[in-house]
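What follows is a pair of complexes built around subunit A, which joins subunit B in one and subunit C in the other.
Take a look at the complex of A and B:
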């Protein structure tokens, strides 16, 4: 039971980050390798705001604003000029942005760990179920609950709003979308904003697991990217499914002492096996190739 | 003054010159056809007008406004709509979502609703399938959807790139009768076709495009009577 909730909570974190990868890939057709580092910036924003003002809600708000603005700024300055460049040039640029953000963080904060534990300090809920005592941390409950709300909200947004419809159109055929009067650059910008907005919440939730340092975003970033690929990159429900799946596998593996040290290897094996059976990922869509 | 005026238009793909300085015009209320063989530059012309391919030199004027270098999404807002080659409906979206995307720039909610009903009246098969994913429609239904989607932009000029491609003779007739109906309702039409017969019949004027140049022009009737056109585009 505890493992399930902890697994779901780690899964929700991965899913929130994976959504950023998958939406940007689906709509802008690029891998934003700097996405993990946006989580790091969000975590530092929470750390600084919370340690100076002491107010968790303001800290979260500041992180959300900073991440969203940062995502849009990176897109505008680094990626948009390369809209017609080769995918390799864009990839190298994204990796460059990633190191740049880590470098800046290290300049300002140094390489050390900075713990933020207001989530952990919320304590645990204890209750008994079928006669056994169960302790679940509030941070896990909050992560699962808020993560679910964000994901449902995103799904409804993409499905039912005018902008969501335009996002799906640009993702499928940018030229045909332009013929409807859709400004693809604006839609791509909105996509980065949403992805970074979700990443800010991932920063918050991941802070309950580990202190922030300049490489804070690397591990969850890679895991979430894996989750996005498992789910089928470009697919929003796929990113959610992949994230939850990976979070569950990781948590279960870690809770079994005999295999806990092989956790990461097991996760990537799952990725490889799924891709061998279904190269487009669990919920990925086969694209028609346009001639 | 012409509604749409193209002057000395040149377009390159890398070093390949697709359009070698073409000029033509479409007057308000006309149906004008561009005919030409594969690779003549018809699609390139349509895309250049819609701002989808960059123009090297020459001008495109719509309603007195220079739109040569206007980005594609802004061209639509001026009242130009296009049914692209190969239809390009959004396969993963529902029929209704496709039509709503056509109305993306419009703010008149009531007008959008009533125009959608008009489209559904015209294409009952689309109405029955309004919540169906468009990729599952037949080729003919997708052509109807692409045309309906373009009409949802409320265009002043409707441009169609080979709308009869891949359709059965009955559907081709239907497509042409819809085009003439919409034209009667006041929409100016620029048509691109390889099969010249049907399009010349409904056209006020036509141009023949060959290797990126205008080779011939005249009224629909004149071109139908022309020996060259008969030989090359009317099957003898």
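Take a look at the complex of A and C:
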């Protein structure tokens, strides 16, 4: 039971990050490798604000604002000039941005670990189920709950608002959407803003699991990216499914001593196996290739 | 007369310049090491440059000619290093620690990496672009995770390989660079190389023209992995202990930086960039104390600056080569134009001369006619003639 809740909470974190990857991929047709490092920046923002002001809510607010602004800035400066370039060029630029953010963070904060644990200080909830005592930390419950709210909100946003409809149109066919009067650049910018907004929350939740350092974002970033690909990159429900699936696999593997040290290998093998069976991911849409 | 001209064209000096330079380097090194002028650190730096060259050239084959991004090159190197050095350790009591054992170890490391290249190449046949990139990244992480947990490879402490004789290792490395370069260059300039670039430019069209896409994709992956495996064994014997942390995703990126810095698709560029980046890295890892004191820097500040510099270089080069904003600047600074000025040739004719080879002037003329009153506007999405590779 505890494993399931922990798995869900890790899965919710992965899903939140994966949503950022998948939305950007669906709409701008590029892999934003720097997404994991936006999480790192968000975590440092929380660390700095929390240790100077001591108020968790302000810290979260600051992190959200910084992440969103950062996401939009990266899009404007690094990716928009390359809108017509080959995917390989954009991908390499994204890797460059990721390195740049890590380097700058290392220059400012050093390579050491900075623990922030106001979520962990919320304590644990105990209750009994089928006669056995179960302890679940508040941070896990908060992660799952808030994660679910954010994901439902996002789904509703994309489905029912005008902007959401424009996003889906751009994702379907950018040229045709532009002809309908949709400003594709603006929509892509909004997508980056939403992705980074979700990343800020992901950084908050991930802080309850590990202390922040300059490479804080790279592992959850790669894992969440894996999750997005497993679910079918470009598909929003796919990212949620993939994230939760990966979180569960990771937690279950870690809880079995015989295979716990091979967790990373198992997770990535799942990715490769799924891609071999279904190259578009679990919920991905198949597109015809034309010459 | 015609044959003579043909041979002259085939054996143009520019095709062989990298071999001449490399052989020159080997001869100079031979003289220097015979006179004892090379210090211990010079040997290790030169060996490091050598195996970095092998890595850059083999990654360039995948990125520049097959057009697929591989983020797991360090993973292949890791397989080669572990298996090759393990076999070296096994053979050492039997055949001694001579050059023969080293060559057997290198071949076995290369072959085992090539087998993994084949394994990763199979899903690669069904995947494209971004999906393949994440698949290779995943592969690199799997390899590291598995080697970390296998007890007979030393586990997390790493595999102890023992240092090889410095002088022999340097020359083996340089000769390997030469061999790998020759294989790769000849592959590219052959019929097979044209098939590979055809797949890069348009896979469906290449398939329609009868190119065996499966065969060539696997060939490139296997060959590139084999070279990375060779380089892994050289690395293992140069550093004495292999630890899986050193083959992380970051190292794959470092190799990618070499390829991008040298120019995607340019082998000579890869060689030069591998030399520069490795030399700079070695310099920054052990900066002369005088400089460190003068700048009053901490121990790792220079390493961090290196990371930032890599990132900035990577972004700027891609921007410069791809962004429409810089098209004007690119035109102005193009080397071809500078040469044209030098030769007093009209720069306007260069592109026309180049276009002559395929003789589809009708299409070009038609485009010119059609383009007269259709000006390309700022922010236009795609060139209608050229569908996006990502669009399916």
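Here is the rule we go by: the second predicted complex is superposed on the first by the 287 of 291 C-alpha atoms of A that agree within 3 Å, B and C clash if a C-alpha of one lies under 4 Å from a C-alpha of the other, contacts with A are read in each partner's own complex, and residues count from 1 in each chain.
FYI, a contact is a pair of C-beta atoms (placed from the backbone, for glycine too) under 8 Å apart; a residue touches a chain by one contact, two chains touch by 3 or more.
Here the structure is a predicted model, which is why all the values come from computation and not from measurement.
Asks: Between subunit B and subunit C, point out the one touching more subunit A residues.
Replies: Ranking subunit B and subunit C by residues of subunit A touched puts C first.
Asks: Given the touch rule stated above, what does A:86 touch, subunit B (first), subunit C (second), both, or neither?
Replies: Touch partner of A:86: subunit C, not subunit B.
Asks: Have a look at where A:175 lands relative to subunit B and subunit C in the superposition and call it first, second, both or neither.
Replies: A:175 sits against subunit B and subunit C alike.
Asks: For A:114, decide between first (touching subunit B), second (touching subunit C), both and neither.
Replies: In the superposition, A:114 touches no partner, neither subunit B nor subunit C.
Asks: Go through the superposed model and pick first if A:184 touches only subunit B, second if only subunit C, both, or neither.
Replies: both
Asks: Which parts of subunit A are touched by subunit B and by subunit C alike?
Replies: 175, 178, 184, 288, 290
Asks: Over in the complex, which subunit A residues touch subunit C? Could you list them?
Replies: Going through subunit A, the ones touching subunit C are 25, 29-31, 78, 81-89, 91-93, 95-100, 102-104, 106-107, 111, 174-175, 178, 184-185, 218, 222, 225-226, 229, 233, 261-265, 268-269, 271-272, 275-276, 279, 287-291.
Asks: Help me check something: in the complex, which residues belonging to subunit A touch subunit B?
Replies: Checking each residue of subunit A against subunit B gives 162, 165-166, 168-169, 172-173, 175-184, 285, 288, 290.
Asks: Considering the complex alone, what residue numbers of subunit B touch subunit A?
Replies: My answer: residues 50-52, 71-74, 76-77, 81-82, 84, 86, 88-93, 97, 100-102, 104-105, 149-150, 153.
Asks: If we count contacts the way the header does, which residues on subunit C are in touch with subunit A in the complex?
Replies: Residues 63, 67, 69, 122-123, 126-127, 129-131, 133-135, 137-139, 141-142, 144-146, 148-149, 202, 204-205, 208, 249, 253, 256, 260, 264, 300-301, 304-305, 307-308, 310-312, 314-315, 318-319, 321-325, 379-383, 387-392 of subunit C touch subunit A in their complex.
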